[in-house]
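Right after this note come the structures.
Next, two complexes with chain A in common: one pairs it with chain B, the other with chain C.
Up next, the complex of A and B:
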């Protein structure tokens, strides 16, 4: 098959990384690496999907975490609904998963129709504004979402097809499969005609228009796909914490995701993922030594942005290539 | 979703209507001051100051401390404005001007980092509890009676003062030498600097002016609002909505849009308390769909 031939390398890489991820669960008993990796899966998907907007299509969204949070809340609320679980029985989790992604897709399409027509600055601010709208709905609709306490009472995880997500090993393996699959899909999109169209729009949207591409429609599709990808990240986080929290919809979450992309660099496909690992590690280290982690992270961001003016990864890659010359 | 009875009850009684309208005007006028700073900076520098709310917060906290020391409301408002303006100039010179003309990603990150740092510093200096300044002694007077409703003198003073500040700002931009230099530099910075004018200095001053407007709004509002680290972000979003409705770069547009939002908010708190934020977004979305340039601006936002 052509598809397999064309993506041979990516398929190998995906399978090998999946095997490595699974073997971590099988050989290391301590839960720490698993917990750390699940948070990387979740926020990694947030950053990777945001990079689909920023890196591929040049649409700088400052409100991407809204879709992450919406996925998590939709998933949690569906499963907390007794009728839903009664009706779908052991298929509750897969169906809730698909439904939450679709709900997020629908919501992002509505937001997208309003936002994609606007230029850079407006787009960034408007996505941010809509994210804060979602945040205020979550915080003020206490009877449904639990307000600023978050979605309490745990999310039921009925076993399906022999997979029991309340078991931490099962959950970890399930999340790694979903994660690798999503990254693979993003990779395919990146290499596809669609991906090239997005880059054309990023570099010269007028020319794209002239050769007959419906720029707005392509942008909207990209926006919706990226949002659905982000919602998968949110669902993983909801599964992991057995809850959902309004902080995920807060603007700082989007700011963090942007910084992850900047750290890893937009020029490398896997960059945002590296950025996620870097920022998560920095976060964990800072939190051990200081109660004012925001202050320290803020200063780090200033140093990277104004000092290096590019991502850490790009910076070191350039250093290495200079030495070779 | 809309409680029609409560609305009719309130607007059937003159006193309730007067109270709601005054509180709407207060919200609107303070919002106008913040938004006019945002729109001013955007109009000239073509930068959206995502950290604008921070200067509102700084203004409020500076005013709070000054009031504790001097017990003078007017002095604290002045210090709030000057302090926010001063930090605005520092922010412009040392941080945001370094990323002018660059990728918007960089501007976002600089503002994001600045907000994180200042919010945490405010937490360290003033604590994370809610602070309240209380009504200053100068204004502990019996309220005016208007159509059976009560209007506290402080409210009347706030509304009039904000209007005066707005008029002065418009005058400064449209009639003075400073204003014409800044407007010329917005059109063609190179040409203006070729005439021997130090453009970066004027840009910094303008940025400071915009931040001072946010600061004075925070300072003036301190007696009627509570202070908390992170208080700036909500007002940033609202003033952005104002600039979208009124049109980016238009100060009169910002005034009208801010009043629309303020009154929507105060009426909403009676008629549809759970949907107040939602209503603001609906208004914004409608404007964006039918007139993306804003109601009071000619030209294109695309």
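Up next, the complex of A and C:
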């Protein structure tokens, strides 16, 4: 098939990455690498999906984590509902998964219709405002969400099709598959007609309109897809922590995703993922020695942004291509 | 082909277009001239839907297009290149044309269709041949020369197979040699594509050489309309724009 032929390289890379990820679970008994990687899957999807807005389409959102949090809360609340689990039985998890992504998609479409009309800083502020709206709903609707305490009591994880997500190895492998699949989808989108239409809009939305592009519609589709991808990240985090926390909906979570993108670089597809790995690693390492991890991370980001004026991946790729010449 | 009837537009107190009526024959090559601020670009903006007129009508092949969006007008067949080359800096020349062709084919919103398809590539190569831009097809739009950017801007408009092609100062900012090269490109494309071509130009030599019909604007009003010899003799145009010593040319 043409599609497979065209994406041969990406399919190979995805399969190999998945095999490596799975073998880590099979050969390393200690839970640390798995736990670390699950957090990378989760926040990596947040950063990668945010870069679909920022890097592909030039839409700088300050409120992207809202969709991450909404995915997590929707997933947790559905599964905590006894009727839901009774009704869907062993299919509760896959159905809750799909529903949470769809709910996030719907919510983002409603917000998106308003936000995508605005440009630059106005778009950024409005997305931020909607995020803070969601945050206050979560914090104040204590009876439903548990308020600042987060979603308490754990999220039930009934086994389905022989997969038991309360088992840490099963959960890890499940999350690996979902993660690789999502990154693959983002990659296909990036190389598709739609992906190039987003580049047109990012570069020059006025001209795009004059060659017949439906700019608002395309931006809205992009916004919804990116939000749904972020919700998958949130669902992975909810599965992992067996809960959901209001911090995920706080603006600092969106800020962190922007840092990840800045650290890795906007212009390279995999940049934000590398940024995620770097930021999480730095965070974990610094925390061993000091309680001021935010300060250290802030300084590192300042050095990268001011010193290199680009992401680390971009910087090294440029170095390499320069040497080749 | 294109008929403009009693069109008016003011910005605050400035009357940018004052009751202008104009018509452009199918397949003709016409120019619009006038001093800075005469309302030439504004007229283009009105025709292409970028701004809405206060009153008046614009008809394309008899169809009223006055209140359509820029996108709808483009799809009806009015293509446009801009006074300042209006392109896509981070794409290559070929990619920009491919993306534009995808829009023409109605497949620009396909989520999973690979962009580098045989079909789009072949079509863009044809267009690159037409524009004589093969040698720079893989350069970033932001890295090519100013003149090439202006040609690419025209190419983007042409990729949509317009009936009417509107060029806003296609030779602006060019040296004499590049200028005449552009003029021959414009003439070549006009003949090849059988479009109705309208261009805005300040260089009178170019205007008189290639226009079949010249329209002169001043303070938003149309003060004259005719072929080269008629315009050269027009008293009002000489006073307002060409200057006394022009008759000698």
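By our rule, the second predicted complex is superposed on the first by the 318 of 325 C-alpha atoms of A that agree within 3 Å, B and C clash if a C-alpha of one lies under 4 Å from a C-alpha of the other, contacts with A are read in each partner's own complex, and residues count from 1 in each chain.
Assume a contact is a pair of C-beta atoms (placed from the backbone, for glycine too) under 8 Å apart; a residue touches a chain by one contact, two chains touch by 3 or more.
Bear in mind that the values here come from a model prediction, so they are computed numbers and not experimental data.
In the superposed pair of complexes, A:207 makes contact with chain C only, with no contact to chain B.
In the superposition on chain A, no contact is made by A:87 with either chain B or chain C.
Once the two complexes are overlaid on the shared chain, A:221 sits against chain C while remaining clear of chain B. By the touch criterion defined above, A:191 reaches chain C but does not reach chain B. Taking chain A as the reference, the larger set of touched residues comes from B, when chain B and chain C are compared. When the shared chain is aligned, no partner comes close enough to touch A:36: not chain B, not chain C. Look at A:141: by the touch rule set out above, it reaches chain B but stays clear of chain C. After overlaying the two complexes on the shared chain, residue contacts for A:262 are found with chain B alone; chain C is out of touch. Chain A uses no single residue to touch chain B in one structure and chain C in the other.
Residues of chain C touching chain A in their complex: 48, 70-71, 74-75, 80, 82, 86-91, 95-96, 98-100, 102-104, 107-116, 156-157, 159-160.
Within the complex, the chain B residues that touch chain A are 42, 46, 48, 50, 95, 98-99, 103-106, 108-110, 112-117, 119-121, 123-124, 233-234, 237, 240-241, 244, 274, 277-278, 281, 284-285, 288-289, 292, 301-302. Contacts from chain A toward chain B in the complex involve residues 54, 60, 62, 114, 117-122, 124-126, 128-130, 132-133, 136-137, 140-141, 251-252, 255, 258-259, 261-262, 292, 294-295, 297-299, 301-302, 305-306, 309.
Across the complex, chain C is touched by residues 2-3, 6-7, 188-189, 191-197, 199-200, 202-204, 206-207, 209-214, 217-218, 221, 225 of chain A.
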